[in-house]
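Let me begin by handing over the structure; questions about it come next.
Letters A, B, C and D mark the chains in the order given here, with residues in each chain numbered from 1 onward.
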Amino acid sequence: MSGASGGGMDDLYREHILDHYQHPRNRGTLERPYITYEDTNPLCGDRIRMDLNVRDGKIDAVRFSGTGCSISQAAASMLCEAIEGKTLDEAKKISRDDMLELLGIELGPVRLKCGLLALKTLKAGAYGMTQWPGEDEDA
Amino acid sequence: MSGASGGGMDDLYREHILDHYQHPRNRGTLERPYITYEDTNPLCGDRIRMDLNVRDGKIDAVRFSGTGCSISQAAASMLCEAIEGKTLDEAKKISRDDMLELLGIELGPVRLKCGLLALKTLKAGAYGMTQWPGEDEDA
Amino acid sequence: MKASDTATASLDARAVREQFPIFRAERAKPLRYLDSAATSQKPDAVIEAMDRYYGTINANIHRGIYRIAEEATAAYEDARRRLADFIGARSPRELIFTSNSTAAINLVAYAWGRSQLEAGDAIVLTVMEHHANLVPWQILAAERDVELRFIPITGSGELDLAALPTLLADGRVKLVGAVHISNVLGTVNPIAEIARQAHAAGARMLVDASQSVPHCPVDVQALGCDFFAFTGHKMLGPTGIGGLWARRELLEAMPPFMGGGEMIREVKLTGSKWNELPWKFEAGTMPIAEAIGLGAAVDYLRSLGMERVFAHDRELVAYAMERLREVPGLTLLGPSEDKRGGVIAFTLDGIHPHDVATVLDDDGVAVRAGHHCAMPLHEALGVPASARASFHCYSLPEEVDALVAGLHRARKVFAR
Amino acid sequence: MKASDTATASLDARAVREQFPIFRAERAKPLRYLDSAATSQKPDAVIEAMDRYYGTINANIHRGIYRIAEEATAAYEDARRRLADFIGARSPRELIFTSNSTAAINLVAYAWGRSQLEAGDAIVLTVMEHHANLVPWQILAAERDVELRFIPITGSGELDLAALPTLLADGRVKLVGAVHISNVLGTVNPIAEIARQAHAAGARMLVDASQSVPHCPVDVQALGCDFFAFTGHKMLGPTGIGGLWARRELLEAMPPFMGGGEMIREVKLTGSKWNELPWKFEAGTMPIAEAIGLGAAVDYLRSLGMERVFAHDRELVAYAMERLREVPGLTLLGPSEDKRGGVIAFTLDGIHPHDVATVLDDDGVAVRAGHHCAMPLHEALGVPASARASFHCYSLPEEVDALVAGLHRARKVFAR
């Protein structure tokens, strides 16, 4: 059983997390998004909205907005970076583990939901999936 | 804390309890009772009905009927014996402790309710009292 | 651990018994506990799991970010997973913790029943239901003008399934509810067949599994039911916890039951959005220690093997029936040994079950006397009350012997 | 024991702490537990009382005639008596065991609310309610077309009572519900005054006492309320148990909530008669061990003295507020020290409460971060979330010091 700071706090707040948190990429909204979806983490009130524009099956613009902790906001920023330019099908394939790999940190069960909120919002928006990615593992 | 058989089983089934159980006094019903009331012990399904006739303020006939264990039936039999010929006011004064003294045995919290069922039925019938006699002590 | 579920060697009840502190406690007379259908005893493993939670990781769950809160959350959700697996659920999301079976059935009656049933609908139950699977439906029936119908029992204490097609015939039945193993008769009911007929008639099937989950292998998929209620304290677990399993689609469609923290996703003064399954139905601080204790109970039962637990129950009940038939004036209630679990109720001529129990208590033999929360069944059987002996994995044949000796003694006392 | 309730010597928190196994457990970093508003830690006396039940007298209650069943029944009802006495109830019959505060409030919403409220009626709550005293009423309001009204808060985080007469003016209000001590702001609300106005307007008064019963002397008579809900796990007791006190006349008039065993007097297939108070509202096998554990918690709290427990909380909160003001960029939520209990919530500029909590966790400091099940309050305060420290009898000033040190550290991490 690993706690939130399984690898220690300094590990959790690695340079790149703080960097994405304090200098988020793709923060903002799109004017007439093709896809827009907002979700919250019921446990803490974190809130993420993802706006996507798709052209020729490719995500040609993506923005996130919302409020939350460094993990949820950095994750959203990283996810935007990762999917921009990808096809929707490629985006759909991004898994829970891929997201955690992007974050590069170990998360306990509660903060895991912060780390996965952006992905969850994307998936719900992009193809109506309303469960936690990999839900039963973190149920 | 004293169990059902606080004083040992042979104590509990003293001669006079078994005698009243096996040879109940006043068992039966009255044809047109002045007062009739039936109650059950929800814990076990024991059931007692008491029928009373009152003349000149005196209980001039009393009968009990119902089904139940030796304690509840013997208690009813003893209570009938005790109140026949008494005034209603005198009958109302019979307390929980008086009833237990009549029984002459120690009862744990569960069988206490068997021992007091007849008295409870009488009180409810005789003056609309709908609580256990001495309720808070045996709540 | 799963392998042992199908092990064939029989249970070493004497060794099992050593793991239950209540049987090691010193007392004037040894405890002969024959009331496991009312509540089971608890092994050290269960008590210790709860003490460990309280003593090392006690914290509220789901919201705490600090270490012990995350450990407590993981332990709680882990217990859910083990329990879901134990009964054959497809996902832990279908398993809602409640405070007991009664609360589980009331959850269905309120959240599903109130949203689905209307005047003119009907519910089919059985005459052998425990009050827990009767009174919630009576309350609903009175409120909504819904009709209750009952599957009767045969003379040998089995469900009279011949009556079922007629009960279902008019297509108004929305729910069929039945106890899996009767807590009085011990009868093991043919749930899969009832569920098949219920579904064919367009009704949902609810199973009161309070007496089966603790005693025999169960699989909600094989039973083919829709709702499945059970209770922790009868399955070697603590008081204060139970479970409701239901098909996910049904749970998704149901409105919540209790409102409060945790079951919501977002609250504004003007209204709220519900949380996901299973938390939509878990309002407020849950019985956390109890869920963890129940998880330990599941592990313990699995280590014994449910096939073996059931075989042990059935051996004891067969032995008890044989021995009880020796007692003059004794009437056994319920079916033959091959059709029942580890429960045996009886009456003794001229001696009220209360008095039977009191005499037995004097020898340290604990049996239940009364209607066992099944008044309508007793009415159908034509007896106001009965005495009942019931077993679990720690029960021994000499406890049956003590019971029989006590019954002979009771007859002597009352023959005076 | 009662005498110590008014003792003046202050609490020896260091000695108290020794009696809590969680603080004696070995761990890499000492536990600085500042989340008692979420759940309290448990003293040995409580855990041992439950272990003793399971290990020596484990049996189902009220129906068993044998010795351990009678002992278990007596222990359970004894716990009720002690709890009733602790909150000033006139009779133990007015005290219903529930599984937590949330269930207690839902009981009122279902059994009283559904039988008393109709379209056009109104309920007054406060903006600072915990979801437990908000969502049940939202569900009812939506179902019955009942209007919800809210007492707002002032800039300092107190109830704005000036608004109450207007809210009550049209005579449509049937219930006023308010939290006794806010679980976020720490505000101690003037319940007696609110109850007075509620009654004058013909409304009933419900108090969510989840944060007061565990921390200060309470007396339902002095408060003048009608319904009073509390929860065991916050008052040094186990999870899985709580209580509802209500005036007897109200309870007598209410229909039951959950149906099942024990709450009935007589069951026929066609209908049932309810049991007496308090059992009418206690369906199925209750949390027996938990009630006994809660009884032990009451004894323990009384031995400390509730005046002293409250004084200890308030000393710590005053100290914490003083120390927290040193932290640059920190904003305290709620009123001044003299108006609050042992709860202090705050925000830190530029650092989300989650991140605050994670940094603190690294030093073993356990605080809560989020909306603390009070989303509408956070909306009113204009912050999405806050961090919260809260105390109980085992809390120490050096835990506050560790909190402050951790906050300075968090500022450094996020200043990179």
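Throughout what follows, a residue touches a chain if its C-beta (ideal position, glycine included) is under 8 Å from a C-beta of that chain, and two chains touch if they have at least 3 such contacts.
Please read all numbers here as calculations on a predicted model, not as lab measurements.
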{"item": "Other chains in touch with both chain B and chain C", "value": "D"}
{"item": "Furthest chain, CA centroid comparison against chain C", "value": "A"}
{"item": "Chain centre separation in whole Å, for chain C relative to chain A (CA means)", "value": "43"}
{"item": "Computed distance of Cα centres, chain B from chain A, in Å", "value": "72"}
{"item": "Centroid spacing, where centroids are CA-atom means, of chain A and chain D in whole angstrom", "value": "36"}
{"item": "Gap in Å, rounded to a whole number, between the CA centres of chain D and chain C", "value": "31"}
{"item": "Residue list for chain D, restricted to those that touch at least two other chains", "value": "63-67, 69, 264, 266, 354, 358, 361, 369-370, 375"}
{"item": "Touching two or more other chains - residue numbers and ranges from chain A", "value": "3-5, 43-44, 111"}
{"item": "Touch-based graph of the chains, sorted into line, ring, star, complete or other", "value": "other"}
{"item": "Inter-chain touch pairs (all)", "value": "A-C, A-D, B-C, B-D, C-D"}
{"item": "Interfacial residue positions of chain C with respect to chain D in the complex", "value": "21-22, 25, 31, 35, 38-39, 41-42, 46-47, 50-51, 54-60, 63-69, 99-103, 105-106, 109-110, 127, 130-132, 134-139, 142, 148, 150, 231, 233, 238-241, 255-256, 258-264, 266-272, 283-290, 354, 357-358, 360-361, 364-370, 372-373, 375-376, 379"}
{"item": "Complex interface listing, chain C residues touching chain B", "value": "352-355, 358-359, 361-362, 369-371, 375, 378, 384-385, 413-414, 416"}
{"item": "Residues of chain C that touch chain A when the two form their complex", "value": "62-67, 69-71, 73-75, 77, 80-81, 91-93, 264-266, 275-276, 278-279"}
{"item": "Chain B residues within the chain D interface of the complex", "value": "1, 3-5, 40, 42-44, 108-111, 130-132, 135-136, 139"}
{"item": "Touching residues (chain side chain B, partner chain C) in the complex", "value": "3-5, 8-10, 12-13, 15, 18, 22, 43-47, 67-72, 111, 114"}
